[in-house]
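To start, the structure itself, in structure tokens.
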Amino acid sequence: HGCAPQQSERVRLGLNWKAEPEFGGFYAAQVKGLYQAHGLDVQIIEGAANAPVLPMVAAGQLDFGIATGLEVLAARQRGADIVALFSVYQKSPNCLMVRASSSIRSIAELMRSGYDVAVGPGQLYVEYLQRKYHPVNVRWVPYLGGVSGLLGNPRLAQQCFVGSEPELARARGVPTRVFVVADEGVDNISALLVTRGQLLRENQELVRRMLAAIGLGWRDYLADPAPTHALIARLNPAMSLSILDTMLREQRPFMLGDATGFERLGRLEPAMWERLQGHMLDFGSLDKPIDLRSAYREYP
Amino acid sequence: MNSHAAAIVFDQVEKDFRRTGKVIAGLDLEIHAGQFVALLGPSGSGKTTLLRLVAGLEQPTRGEVRVPDAARRNRGYVFQEAHLMPWRSVFANVALPLEILGRPREEIRAQVETSLALVGLESAGALLPHALSGGMKMRVSVARALVSKPSLLLLDEPFSALDEATRFRLATELRRIWLAAGMTVVFVTHSLAEAVFVADRAVVFSQRPLRILADLPIPLGAERPDRLRVSPAYAELLARVYEIVAETGDAHTRHAT
Amino acid sequence: MNSHAAAIVFDQVEKDFRRTGKVIAGLDLEIHAGQFVALLGPSGSGKTTLLRLVAGLEQPTRGEVRVPDAARRNRGYVFQEAHLMPWRSVFANVALPLEILGRPREEIRAQVETSLALVGLESAGALLPHALSGGMKMRVSVARALVSKPSLLLLDEPFSALDEATRFRLATELRRIWLAAGMTVVFVTHSLAEAVFVADRAVVFSQRPLRILADLPIPLGAERPDRLRVSPAYAELLARVYEIVAETGDAHTRHAT
Amino acid sequence: MISPLRLFAPLILFAVVVTLLEALSQSGIAPRYLLPPPSEVWATLRGDAREYLRAATITLTEAGLGLLLSFLVGNGLAILMSVSRWLSAALQPYAVFFQTVPLIAIAPLLVIWFGYGIPTVVVAAFIVSVFPVIVNTLAGCRAVEPALRDLFRLYGASRFQTLTKLTLPHAIPNMVTGLRIAAGLAMIGAIVGEFIAGGGLGGLIDAARTQQRLDKVFAAVLLASLAGVLMVGLVNLSARVFVGRWREPGTD
Amino acid sequence: MISPLRLFAPLILFAVVVTLLEALSQSGIAPRYLLPPPSEVWATLRGDAREYLRAATITLTEAGLGLLLSFLVGNGLAILMSVSRWLSAALQPYAVFFQTVPLIAIAPLLVIWFGYGIPTVVVAAFIVSVFPVIVNTLAGCRAVEPALRDLFRLYGASRFQTLTKLTLPHAIPNMVTGLRIAAGLAMIGAIVGEFIAGGGLGGLIDAARTQQRLDKVFAAVLLASLAGVLMVGLVNLSARVFVGRWREPGTD
């Protein structure tokens, strides 16, 4: 549409969690006025543990939202017209961790260890690891958030996000050993910017401007995170500046992939979706294959 | 007894209770409009049940209780226990029937005050029921039944919690009101003397199942001045009633034991 | 009145209620152990309050109520209203005092049955209170008070819901039990005739605040056979008592109005 | 007389509600990703009937045990509080604390103390359901007719006698009301407990939710509610057996 | 006479509990990552006093509005149910459904219908707290003395008159009991609602929990409980004002 750029368009972006480096680029675009420069007035809405972002996007209460690849495909199968536009991570920062003092050196060893493994609901890799290792004495238990499980029980492994929970544990005097789950051959797509198909079809221009602002925002954030971190620390008092810096430092390779520059930033490619769908079909999260091409738009 | 259009009629009435069995068996009774009837009978004979049948609070198991519409429209009932609403003041308790009838405020105030004065509780209007003595509660209950100037007044031992002086005074008042207003009064009492003094007709019941032992007219005139209680006519009639009750009630006294 | 070791003594007792003010003012009264006292007075004068003071259910605002230990140990109380426990059968209601005293089962059964027979309710033991008539409830309450063979028996108008025959019979029974057991009985009634027939002493109270108007011995002997009621001695005494009450009570009758 | 009404009235309403939901869903007014059509929920339920039934049995057992705990502890506390004013004043705010603390916030504590699995879930059901029991029983104990209290004082009844022969029998109807509320809460407590400790219908819901399998979520929710209705029904039944006798004087 | 007891008894117990927790924590028996020492919670609370107060105000408002809704809707339903046996039989199972449905399971529906923020949270508080109101008020309405019902029948009182002049006044003590329970539940409902829709103490707890800031979690939980105690206290106060007058006959 040809509306004049000085009239900013109101847009609502719903996160699926509180402000964190995971969403750094989205905030950076705001801090640096990039949305405004693209004629957008973006309201970023922090999420909660149980915020139903996808239904909100599908129903039009949000214009953009953050979700995982698994959620996107599951939602599409249920008839929700959700399209992924931008991926924060090129490799999932999902990990399992044990105490550093533990003798466990790999996920393969963990699967034979007799440990409790605390994992939140709906993690794709649980089924994958089950099939790969056929663990007999490992108990999958619910993940309760934080690292209290690990602190209280030396024979517990738990899910974590690179740079986040391991740092929490270290700050409590318990160093950890971290195993990246993606290295086992299973990879969810951890943080996707999504919108609904209708918006994409009817307002291409808006989506284009949004993506442009976001692309710049992320570059800017990764180059100079300090101003954005100041904002995040204010929004999410559970975070300190130093934790934010550490988290970003650890997650940066997962965001940028193996590349040295920004060439892989935000990239969405058929291969990652086909792999994900393959896993989901294997593990019963999807009943039948779906039309993958309408589930995402390639980026860049 | 010849049938009367505006009479309360019991026609072969029987009443059974699930747990306790037959209380009333084949009762025929007719109470004419405007009559002042006293009902007497031993404890547990079914007097309260009979009043409840008249009021429509209980349905007969067999037979029929006919109550003329005129009497049905505006009734007063003094239960055997006071049954006041604990959250309402004495005044508000007495006001209840008028509130239900939707009378204007001013009228309610006037009527309630008159009614309370009648039972000697003009200064107790603001109290809550739990601060009343037993006899005071019953008097409030009487005031409540009178306040709406009912055309049918059912009283279940209204004065038994009262001292003799108060009792006598209230009976006299009741008779005066009845004379003035001409409503039908059915009055359960345990006192033969009271029955003879206040009523025009006394019906004496047997022990359960309730039957009529005696049905006596009391021809002492419409006006019953205080001095009637010390008159020979009254003493004579009372003595005769006592006799009749003693004779017919022989069986019942044995029962009651 | 000379003080007595085993007497119930009211010593300058005053009782005020928060909402209703002074009920008893400077009362001196002594009830000897083993006495059978009837209390009379207009409705709302404070008779129930006085009984509650004796029972220790109420504390005097000023002054002192002394009750000998012997009397304190085993008391029976018939409240003005029946106050049965709705979830207990008639039998279980009467059994309550014995259960509390921890008597053996067999004894409880026997005593309760005796007590129920006394009030003419031997066949009602299995009923729940809501299936009883008003008078039956009061009789259960009397049975409950008698069942533990109390050494102090407080009765608050126990017979006022009963017909005259039952009332008379129960009064006679009460006197008989008292003669046999020798307990102290304090008996509130509104019937002068009943008071004179059953008690050894009648105390007549004024309207509020409660004062003693008359304190009359009733010298009709220990045994009171039925025929006493038709004897000239009884009639004469009753007439005298009426007279005294009428004289002294002049003020109170005016009050009560 | 009551039985058929009790049964048919809710069934008729059920039929109405189901038809309405189905129509909403099939017509596309309520999208499937928000509200799965009842037919789909039913198909899911039938497809995995055994799994759902097993899960429901577990949850029901846990909720039942939690309710039992609430019954015992809640009534115990209420009795203590009814006897002593000090205790009552001191404990009441803590009972409220118990009521308002979000289970999720103390989840790690629960798991450390009671482990993963059934005990934690039972404790969760207990925590959520104990407050109504306390409050209702306490209200019942306090509402005893003063004249009956006088009667017991008169006969020198011990505290224990007054409690067992007067206060508790009198409080039974209130106790039943409290349990009726607690039964539903125990169910929800058990499900939230299963979010923490795993297993049962809560586990199913938790897993299905992230996969957007609302049909599974609603199948489990439906079973949970049925289990809740069953528990409340059991409470009502016991009420009828133990209380109905004297609290329904209008029946004769 | 009651006031100082009401105040001091819980405070004394509070001092005991705090001292105990502090000792447990400082001595290392209860690890800090599970149970932060009260001193630390207090320091956190003081440090961010304004933020916590703002959050507590929001949550309290939401819970209060939810409770108000429960009061209106719950009592309304209870009244309808007390009047009609059909309605009562038909609605009761659905009331239980409402009680047992986990908020988390219907979170998408709530947020879609009521949006992010306060309305959703209010509805959550309402859903969680309405059942006790229904059940208690209904119990109160049904327990009216039959003799008083007779009295109203006798004077030909309309249903509405019987309701306003007899049933409701009689049910007030039960209503208060229901509200007392509902007040605590509304608080927990608001917090769980905030887990879904963000904001308030629930949002604080949610964020702090995953960051292992248990001091913050407990600071928020503490405030939530205080707010709950406050709400229950308000209910009690209204009870004293409106009901105490005739339901405490022992006071004279």
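Here the chain labels run A, B, C, D and E in written order, and each chain numbers its own residues starting at 1.
Just so we're on the same page, a residue touches a chain if its C-beta (ideal position, glycine included) is under 8 Å from a C-beta of that chain, and two chains touch if they have at least 3 such contacts.
Values in this document were obtained by computation on a predicted structure and should not be read as measured data.
Q: Applying the touch definition from the top, give me the chains sitting in contact with each of chain C and chain E.
A: B, D
Q: Could you pull out the chain whose C-alpha mean position is farthest off from that of chain C?
A: A
Q: With respect to inter-chain C-beta contacts, which pair, B-E or A-D, contains the greater number?
A: Counting C-beta pairs in contact for B-E and A-D gives the edge to A-D.
Q: Could you grab the centroid distance between chain A and chain E? Build each centroid from C-alpha atoms only and quote it in angstrom.
A: Here chain A and chain E have centroids separated by 37 Å.
Q: From the C-alpha centre of chain B to that of chain D, how far is it in Å?
A: Using C-alpha averages as centres, the distance is 50 Å.
Q: So how far apart, in whole Å, are chain A and chain B when each is placed at the average of its C-alpha atoms?
A: 84
Q: At least two other chains touched by the same residue of chain D: list those residues.
A: 33-34, 104, 108, 112, 195, 209, 214, 249, 252
Q: Any chance you could list the residues of chain B touching two or more other chains?
A: Expected reply: 17, 19, 81, 128, 131.
Q: Name the residues of chain A that each touch 2 or more other chains.
A: 55, 59, 145-146, 148, 152
Q: State the interface residues of chain B toward chain E in the complex, per the touch definition above.
A: 52, 55-57, 75, 77, 79, 81, 83, 85-88, 96-97, 99-101, 128, 130-131, 148
Q: State the interface residues of chain E toward chain B in the complex, per the touch definition above.
A: The contact residues of chain E facing chain B are 145, 147-148, 150-157, 161, 165-166, 169-170, 172, 245-247, 249, 252.
Q: Can you list the residues on chain D that touch chain E in the complex?
A: 2, 5-6, 9-10, 12-14, 33-35, 85-87, 89-94, 96-97, 99-102, 104-106, 108-109, 112, 131-132, 135-136, 139, 143, 146, 173-174, 177, 180-181, 184-185, 187-188, 191-192, 195, 202, 205, 209, 214, 217-218, 220-221, 224-225, 227-229, 232, 247, 249-250
Q: Give the list of chain A residues in touch with chain D in this complex.
A: Contacts found on chain A: 54-55, 58-59, 70-71, 74-75, 77-80, 116, 120-122, 139-142, 144-146, 148-149, 152-153, 285.
Q: Which stretch or stretches of chain C touch chain B in the complex?
A: 17, 19-20, 40-44, 48, 80-81, 120, 127-128, 131-136, 139, 156-157, 160-167, 169, 190-192, 249, 252-253, 256-257
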